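Take a look at the structures listed below.
Each of the two complexes below includes subunit A, the first together with subunit B, the second together with subunit C.
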Partner chain A sequence: MTVFLIRRLLQSVAVLFVMSLIVFAGVYAIGNPVDILISPEADQGERERAIRALGLDLPLHQQYLVFLRKAVTGNLGESFVFSEPALGLILKRMPATLELALAAMVLAVVVGIPLGMWTGLYPGAPSSRTIMVGSILGFSLPTFWVGLMLIMVFAVMLGWLPSTGRGQTGTVLGVTSSIFTVDGLRHLVLPAFNLALFRIALIIRLTRAGVRETLLQDFVKYARAKGLRERRVIFVHVLKNILIPVLTVLGLELGGVIAFAVVTETIFAWPGMGKLLVDSFNHLDRPVIVAYLLLMVCMFIAINFLVDALYSVLDPRVRIVTRGT
Partner chain B sequence: MLCHTTSALLAVLAILAVAFPIAAQDEITIALGADVTSADPHYHNLSPNNNLAAHIFDRLVHQDERQGLIPGLALSWRTIDDTTWEFHLRQGVRFHDGNPFDAQDIVATLKRAPNVPNSPSSFGLYTKAIKEVIVVDPYTVRLKTATPHALLPNDLSSIYVISRKAESASTADFNTGKATIGTGPFKLAEFVLKEKIVLTRNDNYWGPKPEWRRVTFKLITNDSARVAALLAGDVQMIENVSTPDIERLKANKDFALFSAVSNRVIYLHLDSNRDQPPFVTDKAGKPLAKNPLKDVRVRRAMSKAINRPAIVERIMSGAAIPAGQLLPEGFFGVSPNLKADAFDPAGARKLLAEAGYPDGFRVTLHSPNDRYVNDEQIAQAVAQMLTQAGIDTRVEAMPSAPFFTRATKLEFSLMLVGWGSGTGETSSPLRSLLATFDKDKGTGAANRGRYSNPKMDALVEQALVTVDDQKRAKLLAEASEVAMNDVGIIPLHYQVSFWGARKGLTYLPRADEYTLAHLVQKSKGN
Partner chain C sequence: MRVSGEIAIAPAVVAAEGESPFRRLVADFCESRLAVVGLVLFAAVAAVAILAPLVSPQNPYDLRQLNLLEGKQPPGSPSMAGFRFWLGSDDQGRDILSGIFYGLRISLGVGILSALIAFGIGILAGLTAAYFGGLLDSLIMRVVDIQLSFPAILIALILLAVLGQGVDKIIVALVTVQWAYYARTVRSSALVERHKEYVEAAHCLALSRGRILFRHLLPNCLPPVIVVVTVQVAHAIALEATLSFLGIGLPITSPSLGLLIANGFRYLLSGTYWISFFPGIALLIAIVAINLVGDQLRDVLNPRLQK
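Then we have the complex of A and B:
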């Protein structure tokens, strides 16, 4: 187990290192941030002062070394645009994104798994067919368009829900989040649903496929023959066995939702990290881009590790195998 | 009898339906379209930042809605000699913390403005002409310049006055509100980066008292979401109504639109300097003997080939005015003799033949796709129009980041760009876009076509040291005529900015595109 952990840790550090190199080189290749940020009316002298102020007058490899030196102490640089520490900027906006992401994932699980099981158990029913068609729409409709349509219908035409922004936050047990206030929940509904739609569709189809496959397995026949209640057969034996692929996808999607909820955040003016990332790309705000991607790499690594650990809990056949000890 | 779950559900729905916080009559929420990067008025010379600063701080000289100079914290100003300006300051003005304003605050401001660390675009641009600041008495300040500098009042209309106590404050101090003490109509209550800004009224303001006790600015950068917020009633006013939504708001009786021509001109910059510019070839793709863009007849032909009214009507939905020079009518330094070129494809082809290109040639038009209103669509239209006149034009659109980097490195020959004259007068574009590129003089910094006309340069240089407004306006008009008659750049149109608001609100629209809450008023009779 320890060897596994150490190996994982070393791999993670290597990935982080390579990631930072790629981002540095990539952002450098796109262009010069000064050309975007500087007032067009600035003259050549002002332009050169700005280049020096942002540290861009050094050759690229030297800029990278400066970055590395500061990074090992935990300082990932200051944003070119906001003059605030890049990591601080991201962490300040992280609660909003996490809130949105978790709400979306909860919706996806709570809506997707029951619907998926229903369509798996009763595939011929008209309700199942409707759900499957709905899931195709959920896949194909672009998030951008769905978001705008949700705003049009629920905010503009019906006036039931607010159109943009995050609501008031409340603090419970030291955790500040907008899910603790009614106003916050009202603001959260549309963006969370917008973000969740694709995942709901995904989970429905995955669960359905899993259920269809597992129902044909021998152990289900034996369980029924043994006289177990149908409820137990489905919710204990079938459900547990289909959760592995669902969990894998959920893990991947969770990472994706946290890191890249950009479109939803932009449409709903949700003050999260995704929007910060896209705006940083447009401004070539390299410190924020690097800090963000490194943070997300860490997060993906952590999620993957968690998923791997959960496998061994869910499936006794899978153990974290150690070699040579 | 309803079962428990249903009645609980109904109760929840009822609560949700009425859980709106009712907005008071003296509160307003306005949606802005671009991010404010800091509450520090000296950190970044960026329009949204300056827009916010105008609420909390004042300047020595203010700009009215046409960008004409009006007294701000300075009641009057005059030149004592060629290089000395004297400003008489307003008395009885207090900062938000109660301290009185006087000349020492000007000294502190002018010291801090050019020296904010890590500034991506500093205000040193506006202070570098000032050699010395002399405090004559608490309400009189003299500024000495190294050489005669006619635009000093214009420069000062861009520098926000801070309290002397904040002279060594950091940008972070301003963002948290600790140092954000100004003399302006509002005080900063809350500043959440990239999300919202809350201002409260300064009841001791020296100017007209704003109608709003509390102003909330929401940052909604997506155009459609911003309009949706206005339609849904989440905000009472928005800026930058996108062109497709203008008709929709016009037709809606619950909303009013306010528009004004802005100081932004969209134009084509051409490489009229190099002999073998990139992306200019003959129709077969082979390089040409000489650069066609160097010939004024070719440039004039290109300008004639463009149907500006069609672009204004179809692409900009009327939110533009065809342009024949650098600023619209009524702005300082504009020539009354320059009109937008009429659409004349036959004339264009004739000029091309005269210049020796009866079969035309091939060129690539580069354009940003996320910077100006409908930039990519305008580029496509222009390319089609040029192609119909005989100049095969390909469009390559890209995001601003690579576009400006490559354009500054002179990798393009024909590009679609915009220019907003922050000072509201023509010396700004003449000096930066058309004057000969000279690093030491600081001219031609944005002259990406390296156009060079010594006659125009001389006129502009003379104008910049001519303090008499009328004489300077004439010189600038003359310089504009020289440049436009030689087609230094091809102006396409001036953008018209639109603001949308609920019925019952009025706003005096501005050429500098600022959205100032203290100028939003409730219309009479409501």
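Then we have the complex of A and C:
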């Protein structure tokens, strides 16, 4: 167990190292770092000072060490546009993105699991067929286009919900979030649904497959033979068993939701770090882009490590397999 | 080519059944009406993409044919040049239908090209990993595992940040995102095939390594990979559209469907819906058609479901 975790941790560090090399190579070696890290408006004197300050006159391997040392201490350069440290700028936008991502995950679970159970229990019913066709659409529809259509229908045509921006935020128990005010919730609904749509489709399919498989198993037959009420069989015995794979996928999807928030945030003008990234691309604000990407890579490595670690705690088979190879 | 190859492999079977495996494949495929609809739709989409200059009422990128006064015309309104804006016109007076036909060319072209290149690289990596095993295998598969643990859009963003914009760059990004899926699929089926008797026989005949790999092992690993190709082409098209929509994919000189939709986004709030709506529908039709075909191919090519 400990050996597994240590090995896994070492692998994470290795991946992080490789990723830092790739980003470094991308920024410092392939592109011209002077163009990338120094604002194009700088004059000759500023340029030379910046080149010296950034250590761009050093040999490449020394530059990498400087880059690494700065990255470890959280110094990822300064934004050209905002003249603020890039990392701080991103961290300031992070709560909005996390709020959107969590809202989308909650929506995916609340909508996806009941619909998936329904289609699993009554696979032949017309309502189930409709849900399954809907889930195919949920997979095929490009997220950004769905977002546009949501704005078109609910904001422009019906005028029910606001089209863009984050609403008022409220603070409860020290947590500031837009779910505590009505205005905030109204702003949150469309982007959260947009981001959740793909995951809803995914969870419907997973839950349906799980229910259909579990219903055939002996312990369900036994529970029924024991004379348990159908409600108890389904909501206790079946549900518990399908939750493990669903929760695993959800854990892995959390990262995907945060990454795909880039699209949703751009459409709904949600002031999160994804929108910051796209704006930075448009303004060629490269320090922010580099900082965002490095931060995301770190986050993914952490998420993957946590999921693997949790898995080895929950499922002993994983440990045995890794020892075997 | 495919037909003759399979007849040559199994002439006895063909003689006994009176039909070639390819024909049986076609018959199996046609069993699902939905899949046939998908194939027909895809053929139609591909046809208008290829024939865009012939079937479009207007060349939307020939400035002489555009008239700014005809901007943002609703669907069905007549144009001064004599044709109808069946799907409306955009802010520059471009016919949306023509824009879609030309956009499909770029979207399908980029999607299919990147899938094919990734297919080639993935096959090479997967076969190498399965055939040689050992350190090479674990090295390649470790890279695949790590790459697949990141979402495709993040990897594409990293690459585009490093490389910059352009058609060639987005193809590089799409290939990098996709190759790992092919490598993993090819490796897993090649691992099974490698120990079969025909490979052993080929070894005994002292055939060269390349010949065994590409003439014997590869054709038998292909069926599951073909399914992956369809899914990946759909993915690539959707991802390219997403990146282009965000303004970090294709440049404006290559107006794919994603760029058309992005262009209409500005006018959406004023109720001018058709500039974004119809290109999105075209994108949807292309993706759903490919997915329908892929779904049926998966069933047809799955040996466990074969009658």
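As a convention for this text, the second predicted complex is superposed on the first by the 240 of 325 C-alpha atoms of A that agree within 3 Å, B and C clash if a C-alpha of one lies under 4 Å from a C-alpha of the other, contacts with A are read in each partner's own complex, and residues count from 1 in each chain.
The definition used in the following text is that a residue touches a chain if its C-beta (ideal position, glycine included) is under 8 Å from a C-beta of that chain, and two chains touch if they have at least 3 such contacts.
Keep in mind that what you see is a predicted model, and the values were worked out from it rather than measured.
Enquirer: So in the superposed three-chain picture, is A:V182 touching just subunit B, just subunit C, both, or none of them (first/second/both/neither)?
Expert: first
Enquirer: Tell me the contact category for A:I151 with respect to subunit B and subunit C: first, second, both or neither.
Expert: In the superposition, A:I151 contacts both subunit B and subunit C.
Enquirer: One more residue to check, A:E84. First (subunit B), second (subunit C), both or neither?
Expert: After superposition on chain A, A:E84 lies in contact with subunit B alone.
Enquirer: Please indicate which partner A:G256 is in contact with in the superposed arrangement: first for subunit B, second for subunit C, both, or neither.
Expert: A:G256: touches subunit C, not subunit B.
Enquirer: Is A:R166 contacted by the first partner subunit B, the second partner subunit C, both or neither?
Expert: first
Enquirer: Quick check for you: in the superposed arrangement, does A:V106 touch first (subunit B), second (subunit C), both or neither?
Expert: A:V106 contacts neither subunit B nor subunit C.
Enquirer: Between subunit B and subunit C, whom does A:T266 touch in the aligned arrangement: first, second, both, or neither?
Expert: Touch partners of A:T266: subunit B and subunit C.
Enquirer: What is the shared patch of subunit A, the residues that subunit B and subunit C both contact?
Expert: Shared contact residues on subunit A: 30-31, 148, 151-152, 155-156, 163, 266-267, 281-282.
Enquirer: Show me the residue ranges of subunit A that touch subunit C in the complex, using the header's touch definition.
Expert: Touching subunit C from subunit A are residues 15, 22-23, 25-27, 30-31, 136-137, 139-145, 148-149, 151-152, 155-157, 163, 255-256, 259-260, 262-263, 266-267, 277-278, 281-282, 286, 289-290, 293, 296-297, 300, 304.
Enquirer: With touch defined as at the start, can you tell me which subunit C residues reach subunit A in the complex?
Expert: Where subunit C meets subunit A, its residues are 146, 149-151, 153-154, 157-158, 160-164, 234, 238, 241-242, 245-248, 258, 261, 264-265, 268-269, 271, 273, 276-277, 280, 283-284, 287-288, 291.
Enquirer: How about subunit A: which of its residues touch subunit B in the complex?
Expert: The contact residues of subunit A facing subunit B are 30-47, 49-50, 53-54, 78, 80-84, 89, 92-93, 148, 151-152, 155-156, 159-160, 162-166, 182-183, 186, 266-269, 271, 275-276, 279, 281-284.
Enquirer: Within the complex, which stretch of subunit B touches subunit A?
Expert: 15-17, 19, 21, 35, 37-38, 43-46, 117-122, 124-125, 171-172, 175, 192-196, 218-222, 224-225, 228-229, 231-234, 370, 399-402, 404-406, 408, 419-420, 422-423, 428, 432, 439, 442-443, 445-446
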